[in-house]
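My questions will all concern the structure given below.
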Amino acid sequence: MTILIDKKTRILVQGITGREGYFHTQAMLDYGSSVVAGTTPGKGGQEIEGLPVFDSVIEAKEQFPKLNASIIFVPARFAADAATEAVDAGIKVVTVITEHIPIHDEMRFIELARRQGSYVVGPNTPGIISPGQCKLGIMPAHVFTPGRIGLISRSGTLTYEVAASLTDAGFGQSTAIGLGGDPIVGMSFVDALKLFEEDKETDATVLIGEIGGSAEEEAAIFIKENISKPVIAYIAGRTAPKGKRMGHAGAIVSGKTGTADGKIKALRKAGAIVIDRPIDVDEALQKIL
Amino acid sequence: MTILIDKKTRILVQGITGREGYFHTQAMLDYGSSVVAGTTPGKGGQEIEGLPVFDSVIEAKEQFPKLNASIIFVPARFAADAATEAVDAGIKVVTVITEHIPIHDEMRFIELARRQGSYVVGPNTPGIISPGQCKLGIMPAHVFTPGRIGLISRSGTLTYEVAASLTDAGFGQSTAIGLGGDPIVGMSFVDALKLFEEDKETDATVLIGEIGGSAEEEAAIFIKENISKPVIAYIAGRTAPKGKRMGHAGAIVSGKTGTADGKIKALRKAGAIVIDRPIDVDEALQKIL
Amino acid sequence: MRLFEYEAKEAFHQVGLPLPPSGLATTAEEAAKIAKELGGPVVIKAQVLAGGRGKAGGIKFADTPNEAKSVAEELLQMTIHEHAVHRVLVEQRLEIQQEIYLGITIDRSQRRPVAICSAMGGVDIEQVAEAHPEKITRFWVDPIFGLRDFEARNIAKNAGFEGKAMIQVADMLLRLWQVFIRNDAELTEINPLIVTTKGEYIAADARLNIDDNSLFRHKTLAERVSSGISEQTELEQRAQKAGMTYVELEGNIGIIGNGAGLVMATMDAVKYYGGAPANFLDVGGGATAERMSQALDIVLSHPDVEAVFINILGGITRCDEIAQGIVDAQPKLPRKVPIVIRMIGTREKEGAAILEAANIPFLDSMDTAAKRVVNLVSEVDSA
Amino acid sequence: MRLFEYEAKEAFHQVGLPLPPSGLATTAEEAAKIAKELGGPVVIKAQVLAGGRGKAGGIKFADTPNEAKSVAEELLQMTIHEHAVHRVLVEQRLEIQQEIYLGITIDRSQRRPVAICSAMGGVDIEQVAEAHPEKITRFWVDPIFGLRDFEARNIAKNAGFEGKAMIQVADMLLRLWQVFIRNDAELTEINPLIVTTKGEYIAADARLNIDDNSLFRHKTLAERVSSGISEQTELEQRAQKAGMTYVELEGNIGIIGNGAGLVMATMDAVKYYGGAPANFLDVGGGATAERMSQALDIVLSHPDVEAVFINILGGITRCDEIAQGIVDAQPKLPRKVPIVIRMIGTREKEGAAILEAANIPFLDSMDTAAKRVVNLVSEVDSA
């Protein structure tokens, strides 16, 4: 089993006629994901890679009632509307690749999704992959391999780094989720940990955090109280200075909040194994599994 | 039995320190209604007629957890906030006496109430009375008497006129509801008819409509399909011209919509007995009960 | 409150809705000057607070400044549905490829704003709704969320627009939504929204009715109301200032009552017995003797009134105040006509005493009173 | 983006928040003139985009125009936390009865705006939060509904305000909410909100940080950014214009990588082996040879850099583009320093061929590469 997406996932690409949307539609199809349709307002009726393009999500959903996931490549100023449209149409997993969406817009569509019971993954995420079953994202697929380790990360390339280490060491992944690099994101470590805990085919979870916010501290509290499976954690940004955004809009130490040290301490206290280098994930897993 | 309010109703008066709020608090207490507290922001800590005044509904609710109804005498520009506050605090029956509330504000708090499962009675209503049990309104109580007829009306004084006729003829009322004279009101004829149909101690319902909108036409459709108890209807405004507001903001014939004739025809078709004069209610009831 | 076209267009301009180049004129000379500045053919539109302006001849065309002058002169002397034309809007004439209807109003039964779009614009939308209901797309907007971009596109799509036209129509609808929200509108319309032969989308006409109850949030407009520019007759304005609602009708029996529903029922009762109401007058809740006295004066200022029916069911309104008002009014009344009074409710005994002391009779049944007033007028008429 | 105090106050003014009478001066003479116009004692505040201005001596008082002149002169020559003072705000000095804190920011974990109120204003709110957590009231606002009037009153009440003070504080908080919404704020604060001895409520200081991602909706502010007024260093601005993120640090090993998390991990790895990163540079996804070349140039413009570690894990980013960028940069580099490259992922073979052809060595393990670059720098230092 996997979480969020699997072989049955039917994908809608929002912004399919754009450069990025088109490129990654091909890549997802190449991976074997069931991309069934796309949208670009004003371009309904076209075809992209043999897939129908619709003006709206609701039209796509009428034609393909099994649509249950969407991936958004729409430019930042229109992305919130696209996410709202997907949630409103009842899409259950809405993955927002787009970076630079205004934070006020994000708060509103994430709140809406919460009320309607949809998962928002991102914004500013590489997406989700359940290796061998479905790729709903822009990650390079070759570093992932099917298996029993769950991977949750706030960072894109660092996810690939860790996934590559895991794959090299023979630890495949059940599902890998990029939570997104923005200060406000839909799905949190806690949400993902809960799903991996319930997933019978995940044995342990690797959590890749970074400076900024308190998502890792909240994860620690949740791990302590609710998670029985082993958690291995890596936190990036130990050497980052205060008050500076480190690339990701969300990666910033504000006052005493969001330091790597604070997160590492909290996770250790909660019983997670915190590793110092991505490469150490192999050894850590060997010990516990 | 009655609908919406009864002996167990615990009332909060919003705007209790104002002239109207104060006057009608006394009148409701005189009638025997259980008014338990009031609010006026900035005047928390005072007492009115021995009742505590709070700054907020939430404070009142904390002190009196059984509070389940509110009546609003707040000036028009603050009334929408008061209604929102009551709905947000979980008050089940929110009666808005205030007239001249902006219609955009009304749409928003009525929508909120719908989502939260509260009834909004009004705005611009005389309120509700379950004779002998509870008066949550500003109507002159002496024209009402306990009994088994339900009364639903869009007009204040006309309700008293009909209630007086009923009382004189020996027909008491289970509950009488003023829906309010604004174009947009919370509770509709349909909502009230549904409650009277379910109420074991209501034998028949008198519906007092007027020109404007299509609430009576919608009631007619509902009566035909869902109501087994007799309905007697009176529609005011047969002689009203097109395009003029007849006192109530909602009493206006727009194009072909909202005419008395249209409403009368629809109600007759649905099996309601439509009377020509308020005084005829007596005879109509004698025939059917 | 209905706004003039040029006022509605100012509100449209504020949200970036494209409009034809134009100028407002109060004289024929000004109109000619604007036409000259605009260059080319113009359309000149009477600015009145009334519907059906086009059919009444309030919209005219002119090809030259001279022609504009004579056309404006003509319009500025017109009266449309009893409204004198004080201003004309001179606009560049557009070359029309298509006419679209866009509107947002409030659906009473759904308790929500409803956005309406039709590819058949330029004519009365209610006629389209009757003849071609399938040509009209309606969408009910959640009042908490507001109209969202994708919803606007869906509306345009459902109304038959594709590709860039869909995007354009949706964009204009979203801007119209801003007009609706910012101005507390009861109704706002672009009819027609014109697609020019060059493919531009332009709001050729503009309608905007504002909720009177929201005027405290719209100070400039509130001032206009207080300055007396309105659709109401003089007597209606006088009543409003006194806190009452008065509507002029065509009969000869003056009607005064407390509560809108009761007054309507009173009119209906008069009609039931063969009479014809001359007006609707609701003195409102808790009327004082002073206000009652004013009410009588207003009703009798209408020359057709031959008798007055006062119907009071006292609740908040006190019968003694009403009775005192009737007594006080007697010496000041513009003329003597028979007055039939029905009065019951709060303080009815005290009120009765006042009337009896002044030798003014009254009844306690609305029905009997209606019959009596109708008979009195018949006697007068046959006398 | 952080606004200057005077800019934040302009935003405050637009929603009707009461402010002290004031004027903005760029010279001592102007400051004196403003002080004269205001009359009475003034406070003169350095306008810089940095916190801790008060402690750094950037706020001074003056009783006369002459004194204002000399104080302004002094301030205009200051540099506060590396920011030169170009403007001072001259404000009427208020007679203080009470200082209150009001703020609205975004709570990342709740994914909602949080409104914060405290009767202990005028000091750093984070210190109050630590020393007297019970003196701070927080309320999480529903981003769909927005802050509602009754909620604002509840916040003020919970913060200890009663009666008219509660109404006043709530009113100011609602206006601050308007500032927050209209300006796409990440943070807005009134600290202190002053209650004068006359009982007036006045926003004495103003803070407003705007979400950079929203600048397309705020054209005036976007222009300010493009005109170069910002908190960033020159190199940081250069990187931003080139579409990269660069942060200056205090070490001597330049870091370049693709992806924020990977670059942070690279810095951490360097530190793990005893090295010190000189910067953070994320070339971003899908970097071209051109951009890679610029990245090297920016990193080497920092004089402390003694070696560079390039860490690429190709995904969208193609190793051949990166390799080509490194090769192209060689002849143009400001100076020669050892460069350690780790490169794997998309098109790694093609990239490898390019580097090999140019005789540039590279590795495939981040860990090995980190160790190597640290060793190289130690050799340089000990040489």
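A few points about this structure:
Each chain gets a letter, A, B, C and D, in the order it is written, and its residues are counted from 1.
Methods note: contacts are C-beta pairs under 8 Å (C-beta built on N, C-alpha and C of every residue); 3 or more make two chains touch, one makes a residue touch a chain.
As the structure is a computational prediction, the values presented were derived from the model and not from experiment.
Path length between subunit A and subunit B in the chain contact graph, taken as the least number of steps between touching chains: 2. The minimum number of touch steps separating subunit A from subunit C is 1.
If you average the Cα atoms of subunit B and of subunit C, the two centres end up 27 Å apart.
Annotation: 56 Å between the Cα-based centres of subunit B and subunit D. Contacts with at least two other chains are made by no residue of subunit A. Within subunit D, residues 144 each touch two or more of the remaining chains. If the chains shown are joined wherever they touch, the resulting network has some other arrangement, not a path, ring, star or complete graph.
Listed by chain label, the pairs that touch are A-C, A-D, B-C, B-D, C-D. Residues of subunit B touching subunit C in their complex: 76-77, 100-104, 106-108, 110-112, 126, 138-140, 143, 153-161, 164, 181, 183-186, 188, 208, 210-215, 218, 234, 236-241, 244-251, 255-256, 276-279. The part of subunit C that touches subunit B in the complex is made up of residues 106, 108-109, 111-113, 126, 142-144, 181, 184, 186, 211, 213-214, 216-217, 245, 247, 249, 257-265, 267-272, 277, 280, 282, 285, 313-316, 344-346, 365-367. Subunit C meets subunit A in the complex at residues 148-150, 153-154, 157, 162-164, 166-167, 170. Considering their complex, residues 144-145 of subunit C touch subunit D.
Contact residues of subunit A toward subunit C in the complex are 41-45, 55-59, 78, 81-82, 84-85, 88.
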